[in-house]
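You will see two complexes here that share chain A, one where it goes with chain B and one where it goes with chain C.
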Partner chain A sequence: MRFTISREKLQEGLSAVAASIPAKTTLPVLANILLETTERGIRLSGTDLDIAVSTEVAADVETPGAITIPAKKLQEIARELPPSPVKIAAAGEQRVTLECGRSRFKLLGLPKDEFPAFPAVKFEESWRIKSGDLQKLIQHTSFAVSTEESRPILNGVLWELRAERMRMVATNGHRLARMELPISSSGAPAGDLIVPPKALDQIRRLFPAEEELEIARGDNHLGFRSPFTAVYTRLIEGPYPNYEQVIPKDNDKYAIADKGSLTSALKRMSVIASDQTHRIRLSFNAGMLKFSVQTPDLGEAADELPIRYDGDPLDIGFNASYLLEILRYMPTEEVRLTFKAPERAATVEPEGWSDPAKYLALVMPLRLMD
Partner chain B sequence: MPRIAVLPPAVADQIAAGEVVERPASVVKELVENALDAGATAVEVTVEEGGRALVRVSDDGSGMGREDAVLALSRHATSKIRHAEELVGVASFGFRGEALPAICSVSHLELETSPEDGAGTRVRASGGALQGVEDAARRRGTTVSVARLFHNTPARQKFLRSARSEWRAISDVLVVMALTRRDVRLSATHDGKSSLALPAAPSLRARLGAIHGARYADGLLDVEDVAGAVHVTGLVERPGDVGTAARRVFLAVNGRAVRDTGLVRAAEAAYRSTIPAGLRPSLFLEVVLPAGELDVNVHPAKAEVRFGDRWAVERAVERAVRRALGTLDSAADVGGRGWFAGGLLNGARPEPAVNPWAEAGRDVGALHLEAGPTVGLFADPDAPAPHDPRAFDGAPHGAPALPWEVAAPAAAPAPPDEEEIAVPPLVQLRRTYMMFERDEGVVLIDQHSAHERVLYERFLGAMARGESPSQRLLFPLTLHLGPAQADAFEANRDALTRLGYEVEPFGGGSLLVHAVPTPHPRFDAERCLRDTLDALTGDRHAAAHARHERLAATVACKAAVKAGDALSPDEMRALFVALARTTLPAHDVHGRATIVHLGWDELERRFGRA
Partner chain C sequence: MTTPPRRILLVDADAFFVAVARQVDPEGAGKATLLIVGGSAQSRGVVCSASYEVRKFGVRSGMPIQRAIRLCPQATCVPVPRHACSDRSRAIAAVLQRWTPVVQASSIDEWYLDLGGTEALYDEPLAATARRIRDAVREATGLSVSIGCGTNKLVAKVAVEVAKPGAGGDGVHAVPPGAEVEFMRRFELRDLPFVGPRLAERLARNGLRTVPDALAWDEPALVGLLGERTGRWIHAWVRGIDDRPVASRDVQKGMSREDTFPRDLHTEEELERELLRLSGKVAADLRGDGLRARTITVKVRDADFVTRQAARTLDTAVESDRAVATVARELLRRLRKTRRVGVRLLGVALSGFGEAAAPDQLALFDGEAAGGEAPEPPVETERDRRLSHTLDALRGRFGRDVIMPAALRERPSREPGAHRSSVPRVPRGEGPE
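Let's look at the complex of A and B:
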């Protein structure tokens, strides 16, 4: 194998793949990056066995072939190289030479066949979705996934595909985010996929918003593909909890508040809230929302915010960090909050959003001390 | 002939002797106390055959003139009080005027005394009868020789044990006297062999060192605390050492050695959760309180006292001991002692009140230096966790209820000590220990034990307050329990609710969990509940108090970060601060060490640099 590539193209390819290379691994080849020649240039691939990323960049190929090289070292070298074309050649199975200007490197690689094969997904049965739509769903929901290992299902984002719409839902059991977009018939098979957020991050990062993505699934994997780049991910198995059932339909109290002022007030209260629970109290009264927080051994704080509210007075406790996080992703200036009772789920939605998407976040209250 | 007659004085004295003089050790006690009451600075005790043959006590005290010497042998003759009112707050050891006549009635007694060097008096008596008074040349002081004890009371003599065990009882008495009056030189010989030679000592630690060895004494922790009018000082065993040596208990109230199970229990209660159940610590405690708060005239041998407010005294003792255990100094130690002088917080400690019982020459300064931070960082463990219903209570819906508008008239709780805790750079070792460097060496903290201690105290506080933060769950957890676990759940249901678990029995051993506590971000509520119920299975702790502590300990253990959890620098810092704020940072809830210190001297010794 022998090819010449510009330093920029090499760096571009490496940075796309780098995120999928595990920092620590028991399988040495996973610390390597796979380089293969193609008709258009070279393809770089990396995987941690949960997700795999591969991308193609332009290069002048002299002799076709494939080799794996330690990813971290190759990245460090590429960063330090002078701005000249880089010549890479593999002599035999393991020895790789890299030349650039007057610099010379020899690296020990590992043969290609040690590199794990990519998951078999059936791109012949693929469907297409605009990358921007997918990214919008990911951005507004994936923050809510659980990081606890006790319920692996909740570590993933639920992606519901239906004939006319698609939806993403994420929750950690305390709060939940759901967004829905209408889709014109894309040929997508109706179904539920539970996708690790790490893969979704890569999709947000690697594909331009306007690009059409080709998506296909295998037995237990999902693949996303654009003309140059592909992301594969393992799917999380199992039935996702019945989230529809817990989204309240009968919340009869609602408030409309300015997102910025609400956020500021919550941040002020958070200073005094307990580090563990971030518990604050919200008291809704006609036209006014009162905040208060009381932390044993620390102190107290209170604040007020005029809002639109005409329901019965309501006192409810929340983890302020959950509310703040939700507000951060709300796309509108004003938000609409709905409640039923102090021990029931509250919802947050954008107010006056002229967008085909439907967005809802839900947060469970904290018990108040009284 | 009348059937009732007044007993002759000799018989009455013999009967009284039964109360005061049980065995040779009580003779030694009475005589040494007399010597001390006479202002002796040196007391010599000579014993033969365990005291059966001879007990002789010589002192260099004030001595007596001839008249006094004779009168001293009659009942209720005393120089120590004159009026009944003086019984309140009596400071001398004796005052009843019973000891000498009682002893005299059951032995051959010889009293040699002189108020000044030279002209002295010798009084001899036997079986309570005066046998002769003569001149004797003697230095200032008094010598009382008691020979053939119980020679005229065969019943009592029969119950004497071997010379060896009588001597052991005597030396116990002498040790107690030596600890009580450390300013007095005390020596004792038994059958011609010197067995105790204690020079006047500047401190309790020094005295204990002279008696039990410096190594033992140096391993003890200082206790020093004032609560109201009650001042508690002394030395107690480190939790890590409890059970490794014979248990020794010494308790003095206003300078008088007493037996008081209540105070001992209070001191032991302070060790709760730092030592395994069943072990009992060694204690050397001195309590000082206003004389009016104390009645010593309860017991003929004055081994028991009565307190005006017993509860306050017990609480003061428990608090003082708990504070001593709360210092890092009580941590398990590799290598030498004395590495911890300024505390974690480098001397951020108000000066303790001056010890009112401080005797001349007692090294109070050194004590203070070693006492460690007793206030501030290791805040008052007995201060009830601020239960603060004011802010939210009684604020009806719709009423203007800014918390402090309601609260303002009530005194705000004393602001807790928000002193900045300087956190040293911490390193995690083996994902199990946190390590940092101090001037005196390196300190290792077990992350699980430390977190366990932090959570334990937090949970206990939460249970005391009644409610702890509880996060409602979107998807209730379902737990299927065996019969034993279901019993454990029923037994602890209330306490679990207080901890933040909102649980609904679902029939057939199933539980629906609607809300869970959130003590830290890594908390796995379901697993913690399941493990806790497993651990509590078959638990039959009767007292609710003990059960709460056990539950808190179990939940803390299950909820704490485990060995093997990688901690970020921020998490380590937070844990360090939280640990420093607990009352007993050096011990986890199972009585194991949380903190181990490796001194430079120990390291240098191992590297052969010493």
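Let's look at the complex of A and C:
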């Protein structure tokens, strides 16, 4: 194998794949990157067995072939190279030379056969979705996934694909985010997929918004493909909890607040809130929202914000960081909050959003002790 | 306006464990001059403390008891009187708090006091106040303490070593403001707190043995030799400079119970039984402090001294015996899966504390509402918590053995020492019930 590539193209390919290379591994070949020549240049691939990323960049191929070499070292070398064309050649299977200007490197590689094969997914039966639409769903929901190990199913984002719409839902059991977009029918069967957020991060990072992606599933994997780049991920198995059931339909109190002012007030209250519970109290009265927080051994704080509210007075406790996080992803200047009672789920939605998407966040209160 | 010099004391109980062991057992330990506290002569635990007379034989804290006995075969060995030690420690702290609110417990037998702002209140030299504190502790608890006084924690800590009766002191040593460097000059670097054997050896290799040796080096040279952090504090410390505050509210980060067994344990059944016992004890400690914990850690030391641990952090903090034991068992099984050899020591630690009274975050999917397949049951239910508190109340009234899990009945048992050592006891036989 022998090819010449610009330093920039090499760095571009490496940075696309780097995130899929595990920092620590018991299988040595996983610390390596797979380099293969193609008709258009070279393909770089990496995997940690949960997720695999593969991308193709332009290069002048002299002799076709394939080899794996230590990813971290190759990346460090590429970063320090002078701005000249990089010549890479593999003599035999395990000796890779890299030349750039007057610099020369020899690296020990591992044969291509040791590199795990990519999961078999059936791209002939694929959904075709605009990358931008997918990214919009990911951005607005994946923050809400659980990071606790106790319920693995909640460590993933639920992605429902239907003929006319797709929807993503994420929750940690205390707060939840759901977004839905209409899509044009695309032939592939409906599906419910539970995707690790790590893979979704890569989708957001690697595919330009205007690109159309082909998405297909294998037995327990999902593949995303554009003309140059592919991402594969393991799916999380098991039934997702029935989230529809916990989204309140009879919340009869609602408030409309300015997102910026609400965020500022919550941040001020958070300073005094307990580091563990982040508990604050919200008191809704006609036209006015009062905030208060009391933390033993620390102190107390209060604030007020004029809002639109004409329901019965309501006192409700929340984890301030859950509310702040939800507000961060709300796409509008104003937000609409709905409630039923102090110990029932509250919802947050964008107010006055002229967008085909439907977005809703939900947060469970903290029990007020007094 | 100049700030007045800081007034810091370090109060250190003299041979604390030995003194308490003598108090609780005046006929046995009380009469033994050569006394080792840590476990019986047959135990495989370590020396927790030894009387000054035994220390002359080279016996040190942390040394395996077996080795200590070889050094001093005539010594009497007794278990650590754990409860009495905590009681006496609290009693001393209570006395100290009468003198200043800023008391930081540095360990079970060591407290830092900040007497800043009390100059007018105690119109006398700092050493005189220290002597009065010493008398007050002795009067209230019958225990003797030594006190080091200085302008910071480091100087106070080093001064107390000079004050100790074992070192020929009279119980109080005060270093006046401005005399810090002069005072420090008499020490070897390995006498300074936080200078362990490894660092001392590294320093010695570069000709740095005593404080005056190090005083000859400027800060960049020490940083060059030892790295940024170590270089800087060594430079400051040999000059008697230390601006660490006395933190009166030292937040507890974790608690643990562990046990070194008289013989290595091999079967899963034995191990799980010991784990159940330790889980129950550490959970009771937790409830005793009114806390709940989110992180449970199981530690295993294999027969070849390889130490491994596994931890799990839960969504919500727990406090019941059942919850701690369930998670601990799962962790032990995970550890045993990777390596299944004889086990010398087993421990359960709890951390990630929340106050038990913390308000509950309501959950979206509670019990049946989780939908789909049967949801994973909550690690701890209200019933578990109530049960544990009821057991605590029963044990508080009728003694620890009044009620126990069936798995722990009718078999030899042992009592774990505080964190470090263990104490085998005679078989209990039939558990009273």
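The definition used in the following text is that the second predicted complex is superposed on the first by the 369 of 370 C-alpha atoms of A that agree within 3 Å, B and C clash if a C-alpha of one lies under 4 Å from a C-alpha of the other, contacts with A are read in each partner's own complex, and residues count from 1 in each chain.
As a working rule, a contact is a pair of C-beta atoms (placed from the backbone, for glycine too) under 8 Å apart; a residue touches a chain by one contact, two chains touch by 3 or more.
Owing to the predicted nature of the structure, the values given are computational and were not obtained by experimental measurement.
A.B. asks: Just from the overlay, do chain B and chain C fit on chain A, or is there a clash?
C.D. replies: clash
A.B. asks: Check the residue A:240 against both partner chains and state whether it touches chain B (first), chain C (second), both, or neither.
C.D. replies: Once the two structures are laid over each other on A, A:240 reaches chain C alone.
A.B. asks: After the superposition on A, what does A:174 contact: first (chain B), second (chain C), both or neither?
C.D. replies: Both partners.
A.B. asks: With the two complexes superposed on chain A, say which partner A:285 touches: chain B (first), chain C (second), both, or neither.
C.D. replies: first
A.B. asks: Contact-wise, after the overlay, does A:8 reach chain B, chain C, both or neither (first, second, both, neither)?
C.D. replies: neither
A.B. asks: Compare chain B and chain C by how many residues of chain A each one touches, and report the one with more.
C.D. replies: More residues of chain A are touched by B.
A.B. asks: Output check: A:60 vs chain B and chain C. Expected answer is one of first, second, both, neither. What do you get?
C.D. replies: Neither partner.
A.B. asks: A:362 in the overlay: touching chain B, chain C, both, or neither? Say first, second, both or neither.
C.D. replies: After superposition on chain A, A:362 lies in contact with both partners, chain B and chain C.
A.B. asks: According to the stated criteria, A:276 is in contact with first (chain B), second (chain C), both, or neither; which is it?
C.D. replies: A:276: touches chain B and chain C.
A.B. asks: I need the one stretch of chain B that runs into chain C once the two models are overlaid. Options are 56-64, 398-406 or 524-532.
C.D. replies: Clashes with chain C appear only in stretch 524-532.
A.B. asks: Under the contact definition given at the top, report the residues of chain A touching chain B in one complex and chain C in the other.
C.D. replies: 148-150, 171, 173-176, 241, 243, 246, 274, 276-277, 279, 297, 317, 319, 343, 345, 362, 364-369
A.B. asks: Residues of chain C touching chain A in their complex?
C.D. replies: 249, 312-315, 354-355, 357-365, 369-373, 375-376, 379
A.B. asks: Inside the complex, what are the residues of chain B that reach chain A?
C.D. replies: Chain B residues touching chain A: 385-386, 388-389, 391-393, 397-398, 401-404, 415-416, 418, 461, 465, 467, 469-475, 500, 502, 515, 518-520, 522, 524, 526-527, 574.
A.B. asks: Can you tell me which positions in chain A touch chain B when the two form their complex?
C.D. replies: 148-150, 171, 173-176, 241, 243, 246, 274-277, 279, 281, 283, 285, 290, 292, 294, 296-300, 302, 312-315, 317, 319, 343, 345, 362, 364-370
A.B. asks: Sort out for me which residues of chain A touch chain C in the complex.
C.D. replies: 148-151, 171, 173-176, 238-243, 245-246, 274, 276-277, 279, 297, 317, 319, 343, 345, 362, 364-369
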